[in-house]
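The following blocks contain the structures, represented as structure tokens.
Shared between the two complexes below is chain A, which has chain B as its partner in the first and chain C in the second.
So, the complex of A and B:
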């Protein structure tokens, strides 16, 4: 009995091995260039490696992690990272992307091309360029204040008074296009008959959105939220260019905090430990979204 | 039907994890096989710090000239200049990363003396004693300058190319409008502040007093700003940051808090630049390129090198600076002897431990540091001479109006405690300054924050004084 069962299994195993062969180069490359550095980072996070000022690094166990949770600046960075992610990714990019996508479903073709073109331009700009553009928009002599002055409204140095809001806005400006594209595709997949039927039954715009559209694109929402969140958690260039995490530490999210510890204070080990913690935050978000994806309607 | 999500299926994570585990071991193997430096034995790679201001080419021009001379004197040898364009703090990081591997290590690096001990401890630099012993010009260098590049092991790791001092630059035009004397020489901190208050009241539209502050300004905040104040507190004999007897770092005491209070006063009374400008990482470029030449700054606590931006061919030509700007020594807190304060640092040329062509690199240093070339460099970058023969040379002392003033300050100057922990201590100082500058922290809170940071930075090697 067992022999009978084992033979086809062995055969099957051989077959899947042969089938896996073409994927081997890709796996090797992944291991070398992706998993390798990640593994090396995980190792460094448990040492006190410094960029300068130290002859030999030594293994310190969980010291770096313990230090992080006692460090006020780290906790501040965690908090700001959550604020930044919720504001710009969950609330900003996601809802605005959905709103744009559903409005564009009904818009005329030239309008759709125009709006789509503008939004996507913001998306394809390199991060640093986008950062400079928004720096110029928010700074004291910038565009926003010029507009406010024109309207006789009080102006201020936004990057100084509301830095985390300013960089969140910048991230929304830059990243909304992605959500818009995802939702456009999802909305296009909804069969016309269903919406038409609902319309005949007398459902208004909001009800259709709530009872038909949202449940039907639920999976896209999950995917989009996950990708957006992971992308936002790792935003560095945009904030670096606009505020460098300042003034004080008032816009210092985890990636900037990590950079400061690792490269400006030379504490590579500690910085890497923070990077690992950032990875954990990302995975937690992902887990939540995956749960959301799995449950059936 | 709803669209299929494109997200990766959870199942795929297992092989990835396995892969990650596998490569921890593979990573070790990889680093071991990184040998051949790929450097050409006839090419010397010289990395240097390029100005952030595109129009300033002082270093570029000078090095291009030396390269030409070197290649002519050493037929068959080539010089490859590797400019690194970055603000100070990022420059250091970049160089340290380059020096970690023989593949990327240049043959010659330009090191700030504030980091040199730290880099020596890391084993990044090569001791130069065997070369120096055979080099006749080394006797011409001042002993204090030689000490700047000495490691704790007593070996020398760099050849200094000048030093610097610091003081108060003031705009005579602004002073005239404010009714202040053109030969202003303040005796105490209060006199500096009251001059700034007068300017604020009588000359609107002008920033009264600039003191560099905060993390974005980096070491400039620590050295041109905070330490110029701190070293003027107390009796002026003992180092207020580091206790040499116990080899421990000193926590924030009265002098430290007084210095912070000065910074707080400048920014909370709006005697300084707008806080958001002061915390702009490129603010020092604006001071030299714009505020001073346009007469928009009353008093600037800054370094001896400022005129390098204003000399002929340097991009911001401003030959009138010597008649428009006055110079005053920074006073001690309440006028106690010696009455003035200055800080000195400077840069050295060093050879990385992993350099491919150290011999050729030292030859390049020799070419740069002939008396004639050294003089050319001091004059071009407004440096203070560290060679005795050049310091006495009238061609040097008369080259610029400020040179005599700043060379005289060498007598009352201080050097930073440039031990390996210093860069981190410096960052802790910048954080304390930034706290009181933005008003986020009181002086006491900033000082206790410094004490905490100091413990971490120095492995608890601290002492209260």
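So, the complex of A and C:
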């Protein structure tokens, strides 16, 4: 009895194993080069591993994390990461992306093509090139100051006086295209009749936006916010090129802090603890993002 | 006098056009800098129209050690990793799309989860791991990591495109005696050509522009791709020839912009979003 039932099951198991075989190369790559390092990260974050002059790393428990939360430079990096993320992703990319998408709904076709082309080019450019372009834009001798001088407004060395603001603007410049595309797609799916009916009922632009458009695209807003935030959490090259995290550490977000601790100060264990915290925060955002998408899978 | 709907719509359009023009101008300034400076013999940091156009900057950078070697390195690195990504993603997407299994859902959820992890955070342990297994400063190690980091999103996209190919066509091939592998290669992939193109271009563009991965995993200057070697313009000498930096930036950025235009034209607007951000 049991044998009869087990045989087809075993056969079925073997069949699904054979069928799953094509996934093997991908799974091997993912396990060795992605899951492996993440697991290793979770291990060395609890050790005092250093780059040089050390035979064995020893297990130090939560010391790295305790040290981090007492370290002013770390707390500074957390604060700057928060400022950078809120300013550039939550406020900048998200709002500007929505504004551009809704303006494009009403604008003429040539204008749509022009704006879309320019904004998307900024997005497609390699990270380092984008960094250089905005470095040139914000430097003392740069374009922004030339314009301010022309308007008789006070100019300043932006990368020195307001570095975190400058890199946040850079991230808005580079990342807004994504939100713009997401929101354009979402707005195109709103049936015309609904907005027209509201217009006939006398709802003005802002009220239509607040009471009709925003509620209808709220799922797009949620997923877009999550993805923007995750993207922004891991920005390294852009800030590295523009300010190296400086002056001092006034634009040193967590990825740059992690790099400095692990490589410039050779404290791999400590740097990895920071990386692990970043991964945990990222995972939380990722889980929220999956909740928002849950009907998809 | 009450305004007619038509005139109001025209007014709205003009207002929208004006608003967009302002934003477009602000976004265009940094782009204008790189284009104008690359053609200017006396380029500085601000946007200005050159006195006379010159190709001297391009002449100066179009040399093996400045441009050709880094671009070739980029091509080997990103090309190799893209091939690996696309091949593995196509194979992995096949059973996910064609067969029902209890493992599909957990696998897809894990993939979706991994899609949005901050890869930057993984780089320190990857470095430490690569030192231990002697993969540091090797092209193949960097290619493997690049491919692994792109795979989750590539599998996700590939599976969504593959779902769009009707199963009946493949069943016909099966009755003719084709194996699943043959039907994947001969029937499914050709039918989802645009989808494969999107995954390929997307993976390539992402890696071509990536700075942090080769910056961490490669040490030898001769092996550096353009994303890292561009830093040499800010060398130790203290002075930067901005015109040449701009010329190099233009050369380095052109391939990805062309690739984007190529694929975007064919598939309309936000191709990279296909399936990933459906709200």
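The rule we apply is simple: the second predicted complex is superposed on the first by the 253 of 297 C-alpha atoms of A that agree within 3 Å, B and C clash if a C-alpha of one lies under 4 Å from a C-alpha of the other, contacts with A are read in each partner's own complex, and residues count from 1 in each chain.
Following the convention adopted for this analysis, contacts are C-beta pairs under 8 Å (C-beta built on N, C-alpha and C of every residue); 3 or more make two chains touch, one makes a residue touch a chain.
As the structure is a computational prediction, the values presented were derived from the model and not from experiment.
When the two structures are aligned on the shared chain, A:108 is found in touch with chain C, with no touch to chain B. Of the two partner chains placed by the overlay, chain B and chain C both lie in contact with A:40. Contact with both chain B and chain C is seen for A:27 once the two complexes are overlaid on the shared chain. Contacts of A:154 after superposition on the shared chain: neither chain B nor chain C is touched.
More residues of chain A lie in touch with C than with the remaining chain of the pair chain B and chain C. Judged by the touch definition given at the top, the superposed model places A:219 against both chain B and chain C.
Within the superposed three-chain model, A:49 lies in touch with chain C and out of touch with chain B [touch as defined at top].
By the touch criterion defined above, A:61 lies against neither chain B nor chain C after alignment on the C-alpha atoms of chain A. Of the two partner chains placed by the overlay, neither chain B nor chain C lies in contact with A:202.
Across the two superposed structures, the residue set of chain A contacted by chain B and also by chain C is 27, 30, 32, 34, 36-38, 40, 185-186, 217, 219-220, 222-223, 226-227, 290, 293.
Only residues 27, 30-32, 34-40, 42-43, 50-55, 67, 140, 157, 159-160, 185-186, 189, 191, 216-220, 222-223, 226-227, 244, 246-248, 263-266, 290, 293 of chain A touch chain B when the two sit together in their complex. Chain A meets chain C in the complex at residues 16, 19-23, 25-27, 29-30, 32-34, 36-38, 40-41, 44, 49, 96, 99-100, 103-108, 111-112, 114-116, 118-122, 124-129, 132-134, 136-137, 139, 141-143, 145-146, 173, 181-182, 184-186, 217, 219-224, 226-227, 230, 233-237, 240-241, 255, 258-259, 262, 268, 271-272, 275-276, 278-279, 282-283, 285-287, 289-290, 293, 296-297. Across the complex, chain B meets chain A through its residues 1-7, 10, 15-16, 19-24, 26-27, 30, 89-90, 92-93, 96-97, 115, 118-119, 121-124, 214-216, 274-276, 279, 281, 420-421, 423-424, 427, 434-435, 438, 440, 456. Taken together, the chain C residues at the contact with chain A in this complex read 12-13, 15-17, 19-21, 23-24, 27-31, 33-34, 37, 44-47, 84, 87-89, 91-92, 94-96, 99, 101, 103, 105, 107-109, 112-129, 144-145, 147-149, 151-152, 155, 180-181, 184, 205, 208-212, 215, 226-228, 230-231, 242, 245, 249, 252-253, 256-257, 260, 264, 269-270, 272-273, 277-279.
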